[in-house]
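What follows is chain A paired twice: with chain B in the first complex and chain C in the second.
Coming up: the complex of A and B.
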């Protein structure tokens, strides 16, 4: 695929040209952090900051979204759910990091599961062109290279931008990406040699790792019944921050909201950390304790998903949950503990315990 | 792209109070658009989301049978927000139904086999659907012996009483109706919990026999050793699970029992399959 050189002096001009065909979204500074927002006219994405505090999942999976609407007033349409108008015009997601783009690829498997297609997620996803920004300055909590992604990983991206000081090198990866480049008027082809060296340097800069090689072969019931869950969950306060900031957490709730005689059925992010997530009407709760709920989160990401899809773990190593967990529960440590379940036993046997 | 969250509009055509405590009612629905009935083609053992605008949705097993045309039926226990509202609705009211959802009883596997049905309480709904399906003249030759053990707390709590009486009279289905207790001196059927009645009355299991079990957790717990004793292997014991659900199509994440989702991979599993999950139901 082609590599295009974008001089930084041509950057904003290109963005303005894009605005004719796309709604633009990108990281915007909010207090000391960044988050993805729709870019106002003349606004450029903030590309010199660490990755956004929240993941960009809300761009295709809004935290709260109307699914359908209805009238409760007597009449022909009383109580009948109708689709609501949605804007699925083309959007360009600028400056998404490779880990977050990979997360979209994983979440895609949930919302297009072979039997059913979720129109809300898929329509927004398909309307989006993802212009990624390679990460040359990883955080200490980044472990993407051992979580199926990497600072120059191309999965889920249509274009990959690499910052070269006074210019960007844009690797065009898909037809969608090509279309966007044309719409922006960026067309001076370059050779991509500088990319390879930067890629290696960026990968080397990531020193944090997880081991996942044994997860698939380990027995589900043995992992589920392991005694380390007590220890890991001891400090958990079930606040749900980890699921809220996670780019691969997709669980949701469906709720009706009514005002007067009109109502909407909405979907809202939900979390396996909350007791109400799984409680039955009888009061029985299959995951009634925080240990069970914490275990569900890690087992889903690091075992059930691995077994179900054979596409690695349901984690891209963005490190957000590690940074933001108020009690310092670290998925890297949990992953190591799970992955080494057998060897612990093996050692115990070896030492004659 | 078809929207799997959009319910089909239906009208309540009939409401039958099933139990003497009035907590169980059967709702008969007809589709407002006749073409929706074709799209709703289902198998016995599947469920649907009953959808009430302004209240929400509730997953309920389909009590009508694929061989019954022109309507669908659900027997609903009054328990939470949606079911309580539904119990106060009337014939003629319009609401929604989304489905059919989930797998079903494994009808391909059950063809040519003896089928033992063990049911307790109001979990008899999809079992009723199955019995009607198997007894249909076109289908009856496809199955071997059919036996049914069905129990409720007392005679007033039994579902579908008229049909139970009809089935009792037939010679191509062996009915074993039981109640936990009764003060009715004229009670003609069994008295006792489902597990011991199963032990006394149910046929022996073998490789040509399957047991389908639906009921409260306590009944399932004590029926399992009885079925094992009778010779039913774990891959010949079929259960239908329940869990809290929202989407019903395998996406919202809450009904998982390990990697399996009760809504989409289930609700029907063999005991052998369930043994390999963390049983979070």
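Coming up: the complex of A and C.
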């Protein structure tokens, strides 16, 4: 695939050209943090800041999304659920980090598989062209290189941009990416030599790591019954921060909300940290304690997903949960603890009981 | 602070060794600058994990709710101790279950305030002699601790534990020249339109993760009203009306109980200062009933008791 040189003086002109064919989304500074937002006319994505505080998953998986609407008023349409009109016109996601793009690949496995195709997620995903920004300045909490991604990882991206000072080098990775580059009018082909060196330097800059090599071979029930969960879960307050900031957490809840005679069926992010997440209609809650809920989250990400898909862990090492957890539960520590489970010691302890 | 840590370890170890407690709840060093993790210690030899510095802002009373252990040691700064009192008054724990290791508090540093000031990622934060040095990859800045404290600590008048069985140091002087309600007065002075705008903007970033509620020792309802499903009281979407209802109702549930420990604001991943809501109610309780929560085991909370002298001007 081609590498295109985009002079920074040509950047905004290209964005303006793109606006004819795409809705543009990118990181926008809000107080001291960035978040993904639709870019207003003339607005450029903020590419010099650390990664966004919330992940860009909301671009394809909004926190609250109306699915259907209905009327309870007597008449022809009474009690008929109707699709809510949506804007699925092409959109360009500018400045998504490679970790977050990799997260889209993992989430894709859930929303588009042999059994189910989720139209809401897929329509937004398919309408999107992902223009990634390579990470040359990782944070101390980034561990993407050991979580199946990396600062120059190309999975899930259509274009990868690398900042070269006065210009960007754009590696065009897919046809979608090619189309976007043409629409922007960026076409001066370049030699991509500079990319390799920057990639190595960026990877070396990531010092934080997790070990995941034993997760697959470890016995699920041994991990499930391990005695470390009490220690890990003690500080947990069971808020939804980790799940809501996580780019790979995909759970949702569907709610009917009625205002007068109008109803909307909405799907909202849900969190396995919340007690109500697993409450049965009988009132029984199979995950009634915070230990069970915390264990579920880490087992899902670091064991069940690994076993089910054989595509590594369901974590891309973005470090958001590490930074935002109010009580400093650190997935890197949890992953190390799980990965280094001493089976024999565990059995001895269990047998001794 | 180092002296506090040593004294806490020594006390915890002694209590565990002498079987006076089954566990000690405290803090252990976190994996990030300005973060410590609440933890429990059951073995005397693990007491060395306990630490104390200005990053212990999480309120440990939150970890006492309905605990079944017969004897629990708990490290408590001023506000934690006031919430322990509230917990005891509200029957969430018994006084005789607790050995309270009191810590005279000198204020907790505000992670966000420091992050805002730092020119890059913070690699290390060192605290010494009332100063805080913040190191990034490119520089090191030193601030007076008083300038980088949590805003609730800046106006705190109860730094010393109000109830304790052990003390790790002599009491610190209380701040007397502070007005805890300056910010509330500023909001009270606003017009209705200004207030509406203020609260709109305040709550706009909320993602309903409920970290504020869950970090709060007062929020121990088995099922919170926002989670109630039979019948359902609240919408679950990002509808601003539901977001506001959550925050306003939660604040009212804390009326006359809140100690302004700051755990809610500290826990919020999107930096909302929801304390302006609870503080208004704290101020009302003080103005109307002369009541501040959690100061004594001998008096019932203002909204929990009838007193013939209660103000009744609203009855016409």
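The rule is simple: the second predicted complex is superposed on the first by the 342 of 353 C-alpha atoms of A that agree within 3 Å, B and C clash if a C-alpha of one lies under 4 Å from a C-alpha of the other, contacts with A are read in each partner's own complex, and residues count from 1 in each chain.
FYI, a contact is a pair of C-beta atoms (placed from the backbone, for glycine too) under 8 Å apart; a residue touches a chain by one contact, two chains touch by 3 or more.
Predicted model only: the values in this text are computed from it and were never measured.
Chemist: So, A:253: does it touch chain B (first), chain C (second), both, or neither?
Modeler: A:253: touches chain B and chain C.
Chemist: Contacts for A:279 in the overlay, against chain B (first) and chain C (second): which applies, first, second, both or neither?
Modeler: both
Chemist: After lining up the shared chain so the two structures overlap, which partner does A:171 touch, if you call chain B first and chain C second: first, second, both or neither?
Modeler: neither
Chemist: Given the touch rule stated above, what does A:78 touch, chain B (first), chain C (second), both, or neither?
Modeler: First partner only, chain B.
Chemist: Going by the contact rule set out at the top, does A:5 touch chain B (first), chain C (second), both, or neither?
Modeler: In the superposition, A:5 touches no partner, neither chain B nor chain C.
Chemist: Check whether A:116 is in contact with chain B, with chain C, with both or with neither, and answer first, second, both or neither.
Modeler: First partner only, chain B.
Chemist: Given the touch rule stated above, what does A:245 touch, chain B (first), chain C (second), both, or neither?
Modeler: second
Chemist: Looking at A:308, would you say it contacts chain B, chain C, both, or neither? Reply first, second, both or neither.
Modeler: After superposing on A, A:308 lies in contact with chain B but is clear of chain C.
Chemist: With the touch criterion stated at the top, can you tell me which chain A residues are shared between the chain B interface and the chain C interface?
Modeler: 253, 255, 279
Chemist: What does chain A use to touch chain B in their complex?
Modeler: 67-68, 70, 72, 78-81, 83, 110-111, 113, 115-119, 122-123, 220-221, 224, 250-256, 258, 263, 265, 270, 272, 277-282, 286-287, 292, 296, 299-300, 303-305, 307-308
Chemist: Using the touch definition from the top, list the residues of chain B that touch chain A in their complex.
Modeler: Against chain A, the touching part of chain B is residues 1-7, 9, 32, 51-57, 79-80, 83, 93-96, 242-244, 246-247, 249-259, 264, 276-278, 280-281.
Chemist: Could you please specify the touching residues of chain C with respect to chain A in the complex?
Modeler: Against chain A, the touching part of chain C is residues 30-32, 35-40, 58, 62-63, 112, 115-116, 121, 123, 205, 207-211, 213-215, 223, 227, 229, 235-239, 266-271.
Chemist: Show me the residue ranges of chain A that touch chain C in the complex, using the header's touch definition.
Modeler: 30-33, 50, 53-54, 63-64, 139-141, 231, 234-235, 237-241, 243-245, 253, 255, 257, 266, 268, 271, 274-276, 279, 322-324, 326-330, 332-333
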